[in-house]
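Dropping the structures in below, format is structure tokens.
Presented sequentially are two complexes of chain A, the first with chain B as partner and the second with chain C.
And then the complex of A and B:
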């Protein structure tokens, strides 16, 4: 309630527009990486799904070594066969364009460096 | 007491109730006790191994989001008229609590374009299950049609509740990232009580809410048979993230009846972004017919 009042009528529209634009930008930026595929062309906001070429758990571990948590393993939550290898990436107003760039670099390196060594 | 219930010993109660194979033999393998200060040191060391959302660049979501929470929220919500009123439903001493609930419900009603808002549910999945139950009370039918784009936890909660109140779920798959409109229309039959989708869906895609609502209301299965000209279409329930309502058509303007949503995930603390004070809202046209006698009350 306090948050809504703070945001106000214009603020919630501006926040929505910002999330829409930033989520779209992040999806296109990440989908440009070799081994990353977007699932569809539908408009996305707040979050989007990517299919990664390789072992998702290993890629997530690699990114974590770079201080980046790239998102949630969709299959781990849904259990659906079609969600295997699908990464859910969330974008909030706290994630800047530079943050998205850092994620793109970490993801690109993690995918290129496969297979993953045994984790310690 | 043992004689009264017809057993020789406490052990016999366990022997009768717990299958042989899963019974624990002997003591748990635990280290010896520690002094308070040693326990504190041990726990502090364990806690230091955690990585918080402030330490790494986090793109975690799937229900909990690392939103920015301005400092004024803690400052205002920790004021005593909100934080420590003796009990929220004695108006003479809890004006702060009642006022904030009224303001919240008003804001959510405006955001969702729905006439009524609740302010006392747990979180998104429970709000959706409660909305589905309202649909059952409204039309007495037994089938819930839901999009595969709902959050998996919402589907699990819905399934658990539906079992309890004798309803069954029918899942409609996604097609090209959004709810398959043809399958959705086909799935909605005469005994469909509620049709539920999420906006945006679990995978972040924006659903065509107007089209899904229209299909649920005008689809072949939803149309009144000649024998029942007054029959009402199923209740359409949208689980919405309030943060997108500034840019999306609100449920009340989609021809939908109910919105089940939950408030903004708040306060990223240690660990992943947490969503402690979730403020769910569930509004319904069914509720409009039954005035909510206990609207602003909280247990």
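And then the complex of A and C:
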């Protein structure tokens, strides 16, 4: 309740708009990387799923070596076969545009450096 | 005319509630006779009529501020957006902003600080709430729990990137296993009742895995109320056991009710009378003799840490209340933590994941367990509680934990003796110990004679204690004691505080002997006077017009 009072009636809306914009930008920015595709075109608010071309575990490990946690392995959460290779990315108000750019660079590098990409 | 008089004259509410003395004296104004100030205790000074806090009209945060006022200033949107982009369809957008407060940060701070001052908490005074172990929470634990590596760790972080947290959890599992005398620990349950539920579900799974469908769970009539609730939630049937004259399990009743339809016996030891059951080994033999499991309700573990181990007594399952025995700020409902420790035969059914250590020394989460009862909650429990409990165990060490329990037992017995040896008024007659002569970490007095001789009930004594800066003990539990008063001082209270508490009990009974109306009208100095608890339960006002 303290946090909601602190955000206030207008602040919570402005925060929502900021998250909406950053999340949209992040999805477009990451989906522009070769080997990354959006799971769908529906609006996203604060998180989104991407399908990655390659070994997701290896990509996540490489990103981690660059000091970036790129997101969650959706299959590890759901256990569903169709979620294999799906990365769930969340953008909070703590992540600025500079953070999004850093994430994109780390992800691009990790995908490009795969020694044995899975054939599509 | 003072400011206080001014305020009172404009607000007649509190004065209109004051009662008339049964002895025909003048209606009590304020706190009544002023008792001697007690050592080490702060209490609101008695004032004529209502106190400033009682006169204060507490507006909700929604009623404060003004349109357009704010605390949070949102950063500007720092990413490019396509022209005319509609990121969210109009049908998904709300027409009006949510009805949240419009207040500045100073207003928020003052409001919540003001609210906090209207509560009684452990940092304000002695809080001898029986079976709740309201011990001091060392401030060092808060510093440790607030370290960024703990406070900002995401629960979905990969195990290889959360080795520090997993090591802490693994070490805590080992420590709790050692304290319980049982080899396997799950940290998942996040409250004592969640630990109980886990334990009873484990029991059910254990029996079903053996092809048995046992329906009954035994529990003494001194059991915590959560025990029967747990049994119902687990789809089983509770069978109550009687209490013998010594305050322990009635062995004849146990023998009569222990049969092959019994899945489990849930036992608190020491029990809620503060007594260690001398027949524990025999109880274990009877329960195990019919193929049932023995469950240890760890709510009273603070009496025996490092002194005895439930596993060595024959218990199969133990739940801990980390928020009681192992410190934590646990007022206001949480957060809690109720890990369980189990014997080898129960281990396959434990909730998952468990924290494990591989041959290479690395820590991981073990999700593979085909017989597990499954997750009890998301993620890994209330991690902050685990950090504080681990800090407590490491800072005290094995000897320190034993000292803590011994001191808790000593404090309880010291306070009991102070009360029972007081002859003016004769407390041993007015508030006799319900069972036994000595106690473990808590004791239960009966207010029955006090009610008969002084015409005040336990609830009156409890409410009057608030005027002296003491939180009341647990009242009217266990149910088998008339007008019960369950006192648990804990090891973190000083002798001066215990002495002061005993003095105040004597003072209240002394004044009741003169005028029982004083206690019946209490409390006088708290932010609100005595509430109509029936009306509060039956005619609840839970909606706030915005």
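Things to note:
Everything that follows uses one rule, which is that the second predicted complex is superposed on the first by the 115 of 120 C-alpha atoms of A that agree within 3 Å, B and C clash if a C-alpha of one lies under 4 Å from a C-alpha of the other, contacts with A are read in each partner's own complex, and residues count from 1 in each chain.
The rule we apply is simple: a contact is a pair of C-beta atoms (placed from the backbone, for glycine too) under 8 Å apart; a residue touches a chain by one contact, two chains touch by 3 or more.
What you see is a predicted model, and the numbers here were worked out from it, not measured in a lab.
With both structures placed on the common chain, the touch criterion links A:1 to chain B and to chain C. In the superposition on chain A, contact of A:12 is made with both chain B and chain C. When both complexes are overlaid on chain A, the residue A:25 reaches chain C alone and has no touch with chain B.
In the superposed model, A:48 makes contact with chain B only, not with chain C.
Looking at the shared chain after the overlay, A:39 reaches chain B, while chain C stays out of its contact range. Once chain A of one complex is fitted onto chain A of the other, the partner contacts of A:67 are limited to chain B, with no touch recorded for chain C. In the superposition on chain A, contact of A:97 is made with chain C only, not with chain B. Counting the residues of chain A that each partner touches, chain B and chain C differ, and the larger count belongs to B.
When the two complexes are laid over each other on chain A, chain A has residues 1-2, 4-6, 12-15, 17, 20, 43, 45, 64, 69, 72, 77, 93 in contact with both chain B and chain C. Residues 51, 53, 55-62, 65-70, 72-73, 76-77, 100-101, 103-104, 107, 111, 148, 151-153, 176-178, 200, 202-206, 241-248, 263-264, 266, 279 of chain B touch chain A in their complex. Every residue of chain A that touches chain B in the complex is listed here, in rising order: 1-6, 12-17, 19-20, 23, 39-49, 64, 67-72, 74, 77-80, 88-95, 99, 102-103.
Per the touch definition, chain C reaches chain A in the complex via residues 61, 68-75, 77-81, 85, 87-89, 92, 97-103, 105, 108, 111-112, 154, 156-158, 161. Taken together, the chain A residues at the contact with chain C in this complex read 1-2, 4-15, 17-18, 20-22, 24-25, 43, 45, 60, 64, 69, 72, 77, 93, 96-97, 100.
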